[in-house]
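After this come two complexes, each holding chain A, first together with chain B and then together with chain C.
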Partner chain A sequence: MAEFSVDPYVELYARRTAGMSASEVRALFAVAARPEVVSLAGGMPYVQALPQEDVLSVVQEVLRTRQAESLQYGGGQGYPELRARLADLMAEEGAGADPESIIVTGGAQQALDLIGKVFIDPGDEIVVEAPSYVGALSAFSAYEPRYVSIAMDDDGMIVEELEEALVHGARPKFVYTVPNFNNPAGVTLSLSRREHLVSICREAGIPIVEDNPYGMLRFEGDRLPCLRQLDPENVIYLGTLSKVFSPGVRIGWVSAEPGVAQRLVQIKEAADLCTSSFMQLVSERYLAGDRWRANLATLVDAYRNRRDAMLTALDAHFPAEASWTTPAGGFYVWATLPVYLDATSMLAAAVDRRVAYVPGTAFYADGRGRDRMRLAFCYPTESDIEEGVRRLGTLLADEEALYRSLNP
Partner chain B sequence: MAEFSVDPYVELYARRTAGMSASEVRALFAVAARPEVVSLAGGMPYVQALPQEDVLSVVQEVLRTRQAESLQYGGGQGYPELRARLADLMAEEGAGADPESIIVTGGAQQALDLIGKVFIDPGDEIVVEAPSYVGALSAFSAYEPRYVSIAMDDDGMIVEELEEALVHGARPKFVYTVPNFNNPAGVTLSLSRREHLVSICREAGIPIVEDNPYGMLRFEGDRLPCLRQLDPENVIYLGTLSKVFSPGVRIGWVSAEPGVAQRLVQIKEAADLCTSSFMQLVSERYLAGDRWRANLATLVDAYRNRRDAMLTALDAHFPAEASWTTPAGGFYVWATLPVYLDATSMLAAAVDRRVAYVPGTAFYADGRGRDRMRLAFCYPTESDIEEGVRRLGTLLADEEALYRSLNP
Partner chain C sequence: MSRVAVLAGGRSPEREVSLRSGHRVSAALESRSHDATLIDPAEAPLVETLAAGAFDVCAIALHGKDGEDGTVQRVLETLHMPYTGTGPFACQISFDKVLAKETLRARGIPTPPWAVVQASALRDLSAGAILSAVVERVGLPAVVKPARAGSAMGLGFVEREGDLPAAVMGALSFSDAAVVESKVEGTEVAAAIAGAPPEVLPLVEIVPKSGVYDYASRYTSGATEYFAPARLDQEVATDAANVAAQAFSALGLRDIARADLIVDSGGHASVLEVNVSPGMTETSLVPMAAAAAGMELPDVWDRLVQLALDRARGPEGKTTY
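Take a look at the complex of A and B:
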């Protein structure tokens, strides 16, 4: 695509597009898609593990029994049968829900966009974690909020800091959190913080947006109660089939109280009328049997092995001054480099050495994170993970040596 | 869902949600979905005409050859192979396009939403037709524009009125039009007006958004050049597979100049990451063969017969004082009632008599249209159309008699 400078419409674009440009990172990721590059960047699930027969049989069943419906428009809220299955999935995570409270969306990403659209006027405050899921920041930013960023540690969001911010006058429209196996931080919100969080938000009348894509990808330890389970009335819950089934079907959902749900349905219809009927009916059939449980178990085993491979490789190849989180589930390790290293400017050299990651700055609303990197273990094989981390470790050692030679 | 009055978040919603409520019309449509009601309301394509074998074979081919890809995330712009097919479709309508200019969207509805998001700041002017596609008004309204409504006649938008508005200081971000077989008006923009429209918009530096869902559903007469064909550089073109293939796959697209296209891709990624890979690959395979041409010809024949059935029934059953358009393609007849009748307040009685339509007010940004109704002939059979129009004609006659008895 051509340069912006020749664009005749440059005066016509909305204010929200001001920060958009063909970023350097975006260009590097295009290069990083080459097969010789080990990508620790993208959060692509290991869909190759899904047996062809399992998908083919449900698709054939849908076309045999409900072809006309599958090819037609559906209602904005989504198919009732699918919503019942999604409510069942929520119940498995301890957060039972009425199917009437559920709106099917184009992945959980669309749910984030719709929530931003329903709640945010320009200049409104919203609370996010620091770091936060980059896609949530992109979705919300289109509605021009002011971010209140709350730091995290190994027990997730430091809820005391949020309490402090509220005391000092923050009046957010909502609090956004990924409490389980956070993207990008890999950490999980502790039980006592969960209880504290729902309590202060209920007190202040601030809804919590609980985004839970990874909840079912636990490698060890006991499940913690969802925020939604702790306070069913003040938590807007987001789920997705991207990790349980497939991101290619683009099925996510949001479950919310009636006032929010009704607005979300209308905003959803204005945004794309409805989610694919075909993909909704296929997803419903996939969840109808028990095959999804066996397939999910296979995936969780694979992700656990890959997490282990990454942690072992980090121990072996990363410099002593670096640190990283130890996720008990999900897709990501979050690494902190020596402060004098810059993961953003280092990315080009990394891709040159045939390894890619996402620089930490992508995950902060305020420009922080230059000494951080997100390392995804979900997609590459264990040997590719070992090799990718090795390449990255060599680069870090070289950068460190260069820094020391310049700052003796 | 419960009443808004008990909603604890009522102070937290964004300004754009202010006009949203559980509308009476919405409630009536829920009733109108009952099988005994002849619905002349919804614009549902006649997907039953698609041979099961044609859909099954392409789905099987995708799963056999590209299952992992079909179940995985894809790029925000959409699959290159599908974009090439969509460019071919545009060429069939006389508007050749570079596949690089195309962004695959969740139906053309999402393209409308993304265009609103890229161009509209609150209070910005945009030009729409009066009447306009209700879904476009919903999509754009989320970004809080001021509408400049331009009237239509049997030759489409009265471009002289737009010229007048520009002379008097209107500075719209874009002009939105459905030039072929307009939804809801059924009319087609004449060639001389097309030339005039592209000329004044180019002169004024205002992009045209050409929404062309029905172009391939022509019943008679010669194709007119697309606006995009008349001015490739100043027309943002919207297409959809909803009428050529299926709305259930939710595949639409937008083709635009590089500056717009680049922003649309980023806005799209923030909105839902990507459109279903599965549905993109299935659509690509469907368009790869020639079966789509034969199936489309079958559909066009069916729609032509249904249009004829509706026009015949209107002649037979509608009052002498009513008038209606004669569409040469598409899905809709637009009827004008005697001014003393109110199609909005009459809808409940119509549903009671087992027939439904969309009241004209839905299609205006400024509350006009109470004496209009949109009658869709795409979905019901010819005999249902005859019966539905008969029921509606009887209602109109009764309402007319009532009016005359009260205003002798």
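Take a look at the complex of A and C:
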């Protein structure tokens, strides 16, 4: 008799890998990535809209003028010229920063990981929104926190609930939030809640991690002040070029107080020595001059049209019992289904009908969200969005009929 | 040495698993000096690609819908292309748990009690009130499975009657009918059957750490312990192997297949389901059974390809079940 060990090291893995398992949803996404499927799942920026000449010229310029440097290691904090450009971008959002406070990271995703590494010991509490960006939950979970999930409404995180949690003894290491055009909820934190949030966090001595990937993708209305602008000391700010330029260059950043910044730099160097020199220099050149503004304006126009197409299609095809958010920017609409429907178990039928979305449960740390789905409008064309939402609407009607029959 | 088209991938929910199986089958065939080419019918049109490649034979590593339900087999029959495994009609019956269980029952082969809930009965006949009769017939706890899906996808475990509607809806996401089956407590074993005449390989005992052999337990490395041969009394193991062989014959399977069995506390085996295109991944059961029999995957696939070619050259030509 032999015991078949399909993985001889299974007893050796760290505890943090325990939650990493194969899943049906992942397997279904392998099919959903097929071209015949209208994917409302992935949050992929519309990079096809970038003029090839604009990218080619900056790449050539870097190789012509700084080839040796671009192919060499760089400092752990990142190129000073790029950090200055990133500080300018922050200033555009009202949150001017000293380039010295900025650490360039491998996308903002790496910044999330580094923040987890710097702040979280196993069992520590951290505050997240419910729902929250799934990539942040994945990054933080490796450090084994206990999540304090704070609900959201159309005005973003319900800060009163956070206040309540603090009164009842929650002692989080930080509060994580995506205040602008939240992923996945699509909502934006209101001004009064922003003020309330920074004030209670400052009073309690709890830093805020403000993740702002979508701030520059506003379709209408006035920009609200960043949390960082409202409290320059107590807010750790995360930015990214993924939406302004390209996710393929993997350039993000974190701007923080000197104590935090120093630790982040050391931990960043331990993780990967430095962010790609080549991509940093390419990004710096891309942000020089004004072409990025024109290209971003094109992107924002495209995203606005796609958002409109999605909202129109939802009105036309989704059941009356469903509701959804109306994002004023960003990539996502967050839909709430009739409470008896289960977006996770419905995904296979959706993919079979050649449409995909992300089931809501992925975005909660506590298993909620079965009746929610995230619908991304950033990547598919307007006609694909209409068709995809139509397919989903038919599916929801069929599921509703099944439910009614089973629960007369 | 033959030119072998290894068919894998496809558009079923088991696409990913199938691609992993396909890569292992290709490597196994290459190591026996076959010229193996992996073809993904979702990427390249099947008929044109097969014609262009001048292949001698197809090795089927597609899983689930289209790969195990007779669809691809029927295409290959029409093209007079030899292929490994079971013919179209037997595939169609075996892949459909409703038809397979009916066939087993008709032949007196044990399979746990079940009832069927079809989506059309719910939608068009408003027959949802059937659930209480289903519970009466099957009892609780029960396992709810899509009639036509693999890899334990869409599986639901029901302890309380109130949880049944949601489990049925989950299964119906994968298929047009849900099979509600009595949950038999016991030892779960897989019986791989290979060759002609068919030989039952050593049984593989399945011990999922979570207690349920669902998708995560199947495909997360280390989530399930396997023992081959199974830790059963000799007599019980022989009986279980016989049950598998009977199922294999009753369903008209050939070349290779896997029967999943449950052996209850009294030592009686019953058939949970059969797979005509069993997984060949690192965590799959048939490669373990072959290893316990002293064979390697290349031996198995070299033999399967030979059987397919012999069948094509045989006097009866394209005999199918």
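Structural remarks
Rule of thumb we're sticking to: the second predicted complex is superposed on the first by the 403 of 408 C-alpha atoms of A that agree within 3 Å, B and C clash if a C-alpha of one lies under 4 Å from a C-alpha of the other, contacts with A are read in each partner's own complex, and residues count from 1 in each chain.
Assume a contact is a pair of C-beta atoms (placed from the backbone, for glycine too) under 8 Å apart; a residue touches a chain by one contact, two chains touch by 3 or more.
All figures in this text were calculated on a predicted structure; none of them were measured in a lab.
In the superposed model, B is the one of chain B and chain C that contacts more residues of chain A.
When the shared chain is aligned, chain C comes close enough to touch A:L347, but chain B does not. In the superposed pair of complexes, A:T361 makes contact with neither chain B nor chain C.
In the superposition on chain A, A:V31 makes contact with chain C only, while chain B stays out of contact range.
By the document's definition of touching, neither partner reaches A:T188: not chain B, not chain C. In the superposed model, A:Q229 lies in contact with neither chain B nor chain C. Using the contact criterion defined above for the overlaid structures, shared-chain residue A:T240 touches neither chain B nor chain C, since it reaches no partner. Judged by the touch definition given at the top, the superposed model places A:S138 against chain B, while chain C stays out of reach.
Looking at the shared chain after the overlay, A:N180 reaches neither chain B nor chain C.
By the touch criterion defined above, A:G74 reaches chain B but does not reach chain C.
Shared contact residues of chain A, touching chain B in one structure and chain C in the other: 1-2, 4, 6-7, 9-10, 13, 20, 22. Residues of chain C that touch chain A in their complex: 11-17, 42, 119, 122-123, 126-129, 131, 149, 151, 153-154, 165-166, 168-170, 172-174, 204, 215-216, 218-229, 231, 282-283, 288, 291-292. Residues 1-2, 4, 6-10, 12-17, 20, 22, 42, 44-45, 47-48, 50, 52, 55-56, 59-60, 63-64, 67-74, 100, 105-107, 109-110, 113, 117-122, 124, 135, 138-139, 141-143, 173-174, 205, 207, 242, 246-250, 257-263, 266-267, 269-279 of chain B touch chain A in their complex. Considering their complex, residues 1-4, 6-7, 9-10, 13, 20-24, 26-28, 30-31, 34, 36, 342, 345-349, 351-352, 398-399, 401-408 of chain A touch chain C.
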